[in-house]
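Quick heads-up: structures coming right below.
What follows is chain A paired twice: with chain B in the first complex and chain C in the second.
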Partner chain A sequence: MAFAVQDSGKGPAAALRVSPHAERGGLKARERRVGWLFLAPALIAFVAVILVPFLRALGLAFTRYDLQTPVPEFIGLGNFHAILTSPEILGSFVTTAIYVVLATAGSVLLGLSWALILNQPFRGRAALRAMSLIPWVLPSTVTAFVWGWIFNSRFGVLNALLTSLGVIDYPTAWLSTSGGAMTAIVITKVWFSVPLFMSFFLAGLQSLDKEQLEAARVDGAHNLALLRDHILPHLKPVMLVVIVLGVIGNLQHFDTIFALTGGGPVRATSVLSIEVYRRAFDQWDIGMASAVGLLWVATILPAAWFYLRHLLKGA
Partner chain B sequence: MSSISLKNVKKSFGAVDILQGIDLEIADGEFTVFVGPSGCGKSTLLRLICGLDEVSAGEIVIDGEIVNDVPPAKRGIAMVFQNYALYPHMSVAQNMGYSLRLAGTDKAEIEKRVGDAAAVLRLDKLLDRKPRQLSGGQRQRVAIGRAIVRKPQVFLFDEPLSNLDAALRVDMRVEIASLKERLGTTMIYVTHDQVEAMTLADKIVVMHAGRVEQVGSPLELYRRPANLFVAGFIGSPRMNVLRAEADERGTLRLENGTVLPVTAPAGARQVSVGIRAEHLSLSDDPGAFVLRGRARVVEHLGSDMFVHVSVDGASDPVIVRCPDEMELAIGSAVSVGFEAANAHLFAPDGQRIVSADARRSAA
Partner chain C sequence: MSISRRSFNLMMASGATAAMMARPGLAAATDVSFLSFTYAEDPNRPHVQALLDGFKAKSGIAVEPIGSAWGDVQKNVLLRERSRTLPTTAQLSERWLPAMSKLPEVVNLDDAIGRDVLEAAIDPKVLAMGQAGGKTLALPLITGSIGMVANKEVLEKAGVGAPPETLDDFRKVLVAIRDKVPNSVPFAAATKNPNSIPLDFMIMVWAHGGRIITEEGKVVVNSDAAKAALGLMTDFMKDRLIAPELDRPDSRRLFAQGASGFYFDAPQALSFARTLSGRGNQADGMVLPMKTPVLKAGDTAHSIQWGHLVIAFKGAATDGKDAAGIEWLKYLMSDEVQLSFPPSLSALPVTKTAVASPKVQNDPFFKAWANATGVPLTNEVGVWGNAPELSTIISEEVQASLLGQKKPDAAIGSMAERLEASMAKGG
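And now, the complex of A and B:
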């Protein structure tokens, strides 16, 4: 084009004018303005429903605010000092850690195994895949009641099964022992999480190059070597996301635990979510509940930060 | 070193028959190319030989042993895949040494064999790289290197050059040809590119719709195609075909009565006359040759040019190859001729008619 202008003898670029169709502020300016418009509702809702209450709770953590103190009273780090000297609350952290490790490890292992099975071609695979999602679709209270009945000491299927197999002689009150209750809430959560984790792993498996596995077979790889050398390395990014999501989800988990054991027997399954709930709504000690809640959030933050960083790096 | 023989090998997926009974002998050290259009079953056949898929019927024999139920790793074969199928999380050296590592070979030996193969393929400086840091040609060489390291009895190549650009493809073709000279191993190579087939093969197997159309050396296929399909598939540009009718004396005429300079053997009626572009002569003098027509398209290739001529009395245009020095205007009247010895005659069912002329030229 530059040559054409010079050839026509009208002189160089100074004579060029801007097209009247030009967008004000650049080519993408309009898109940016519309983008903010679409973002606004979500942003307003986030500030009103999440950010403001969170900041208020943050403030309450430094106050005494219970049944005897109708107006919040600033006490500095008093609540945190009480937490550090309370074996009950410190025990809650340990209980939470045990629960998170067991539930996450169980969900990841079973989710991966289930995905590997559902990735094999066999008759009825599609139907089985669809059915696998049922535990995840069920409301969590229903899940809790189903498992509550399974573990029930008098009518439960588990006792019936174990007695008929001769493993135990007398029915056991599973939910009344601390080990049994912990096992029950972990199994319930794993049962609930496996479908979701399986979906993640299955999506990952389907993006694995079939030729790569065939090449490995020709190279002499048996099933275990395929899993170790090819499938697991391929799933590593998915694995990271799933573990982090699992840790976050299990740290936050409340409903099935509350419905199954209510944190008991005594405090055996009293994870942080239950602890905060009890402090706030059983004992109406809002200041203390806020302080525990703040520490609880602090345990989630590293995992959440890691997850977000991974997510943003990918985008 | 290994010979391979296929005995009535069939493969179907559900109700679809992909291979309908393939019989083939591949001698020890032979470079055999399976060529054919997409969907003809050539890659399926290779996968059966490799052991990645199971045969539906028939026998695959390697070195006198039926290997139908032998897993790929134990057939003494190595395969180079179309998309390279490198292991993305392993370095070049790990990719190449993987099979040896699985076999429990000791580290020093693995290192030596990987090093030797890398030197041959000029990969020695890239051994620590990951596949994603390599160019297409380099990846292809790693895939070949991975196969070499195993010292297989048979090499299988599944369209190994189809993902490379034209210039690189020529380079890699030369590289594979020199590999074949150096190793002397039995090789089976699948391609849809007849140029690759012609330049690399000791023996070409032309496949079409799950059947073998013809087996022979490149020049045999080129000089004596067994049927119209092979005639059209081997050679570039495609062989020209003129539909003609023969009278009792074997005189061949086009639709408009033009008499062709070749005669059909007794008994033939409808005859397809095939002539390659390089065997046609072109003149801008309309009276010089028997076929009259007009030049429609002229393609200059530098050394040669292809002239597409619509011939009076023929339904399809013919392509004539001539030296690129002729001045020819589009639409100008031309004439085209050929010698009887260069004509291939085919019956209505597509099979070659063995005429006295053809017999003499073959002898």
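And now, the complex of A and C:
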């Protein structure tokens, strides 16, 4: 938007005024205001949906607030002491760690492998690339129910297959063993994370200098050496971002775990997100749920800090 | 692009005004709503709709139904309480009342309807289901007990003539069903949902002569009887006589489709069998109410007191004895409702006149149910304010034993410790 310089005809001092509507701060201030205006919707949403509930949860973490105590009652560090002395809640931290490591490692390994395959020239590559995104596009709850039916003890596809192959005599309740349930939730998460991770790696591979690889091949490098000495070093920045995003995403993950196992059997898949939900909405112990939630946020912060630092450094 | 301070201030003010105006509007003062899990069940929705239509025809007041799945009702009510969007009335399972009674918005029906009116209409034992802390905080709507039902057709397929009386006989019958009825779950006990597992476990503990928590709040589950009960259930799992991953709806489906010989349920088992079998009234002969098998012949068999309640929340629609919401509750106590609604769900009515009516007294299923279940006992877990936590603890420890993660004795020991801690915190 252009502004005309007006001549008021009242001498040199008056001629310096750019407009009768000019305001303090000039153009910069106007642009800042536009910035604030654009920022306002996101800022309002952030404050209302994230900041205020978070600050409220922060306060509630130091209170007793359950069905017996309808009005929050300050108990200091009581909830945190209870967490430290509760094998069940401490177990949730271990379960979360196992889930995050397995789901992130599985997604990175399979995502990278699939990206390497889809980076090769072959007929139908574009169609396969597009189809690879289907698991990512499907709603996660649908994915959970699909895998739930695969693992179902009475009507599941897996049991039908293994029984017909003679591997098992009776249907197995996969989701009723600790190992089976954890495997199921990891497989489900990996299945719909691979397309996203693959996309990141594929983008990274597109910028790899092919002449460099050809030169290495001429020098006698085999596939593994190419991967180790050329491809992986090239993908290192992408790898870092993918791993950090994977860790954050898996630490926060809730929906497919809840839909598949509900945190069970017993507490085998009760990761922190499930633990907070169960404390808050099954047992109505909002104070304890807030305290566990606070510690849950603390586990996410290092990864988030690392990611933001990397992002800002890049910028 | 830039913008003047005046325009900026104007936009911000407009935005704030719009945001304030966009707040959810408060419901009209006389609106009556009814949050109901029966309304959310497809086969039973017409029965609730008939109640709503009947009340409208009689009083001219429309009641807005709000469907909510059975497992989500407590969540729904408590979240609505926090967001100040409580319905006028809500349907509860009797075991949820201790937790719900803590809400300050609950209407005391002794004042709203009158204790004398309630006691004149409803037997004190039934009315007690809706009482907490000496006050009547919920109106019983339907009643009955949770006991064992046998599938007569499955028993016949397994070559069993009559339901077993003792636990030893019970096991033999279960083995026969497993071996002679392919792909069946002989005893469809609840093994998945924390809301259902404690009920099955409780009846099995009673059958062994034990208890979980006394009326005084003392945890007494760490007993030989409870260990034997859990040991038996664990053996059933090992022998494939019960199955993992089963919740009550799964049990009802298996039973109705001839894939299960026994399970625990309320008298509603009959209406579920009719609907889920697809055979309607022709399925009636399949459902056989029976006494829960006991340790030795002659022991007393037990069932759990069960019922549905209706609770009212304070508001314009419940303010005063003639308020629309209170009129709705009074209508639910009328013979018109009590002689039609409970029987349509295969449950017993709550009012004295309806119970004494020939329609109920001469109903063969109700007679059989009453003979089989006798005098039901109070739910030992559900009566406490921290029932949700107690149920979770019992459920986790029972599951741990059933799935082989803990020995039954260790699971009972751990259950007792955790229950004691929970009761000490706020039972």
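FYI, the second predicted complex is superposed on the first by the 274 of 315 C-alpha atoms of A that agree within 3 Å, B and C clash if a C-alpha of one lies under 4 Å from a C-alpha of the other, contacts with A are read in each partner's own complex, and residues count from 1 in each chain.
Basically, a contact is a pair of C-beta atoms (placed from the backbone, for glycine too) under 8 Å apart; a residue touches a chain by one contact, two chains touch by 3 or more.
Being a predicted model, the structure only gives us computed values, none of them experimental.
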Partner chain(s) touched by A:56 [first = chain B, second = chain C, both, neither]: neither
Contacts of A:309 with chain B and chain C, given as first, second, both or neither: neither
Touched partner set for A:221, first chain B, second chain C, both or neither: first
Superposition-derived comparison: chain B or chain C, residues of chain A touched: C
First (chain B), second (chain C), both or neither touched by A:230: first
Touched partner set for A:81, first chain B, second chain C, both or neither: neither
Chain B versus chain C as contact partner of A:211, first or second or both or neither: first
Common interface residues of chain A - those touching chain B in one complex and chain C in the other: none
For the chain C and chain A complex, residues of the former touching the latter: 1-5, 8, 11-12, 15, 19, 75, 78, 99, 102-104, 183, 192, 194, 240, 243-245, 385-386, 388-389, 392, 396, 399-400, 403, 405, 425-426
Sites on chain A touched by chain C in the complex: 1, 21, 23, 27, 29-31, 33-34, 36-37, 40, 44, 66-70, 152-154, 170, 173, 175-178, 264-267, 278, 281-285
Touch list for chain A against partner chain B, complex: 209, 211-212, 214-221, 225, 229-230, 233-234
Parts of chain B lying in touch with chain A, wherever the complex brings them together: 50-52, 71-73, 77-79, 81-83, 85-89, 98-99, 102-103, 146, 150
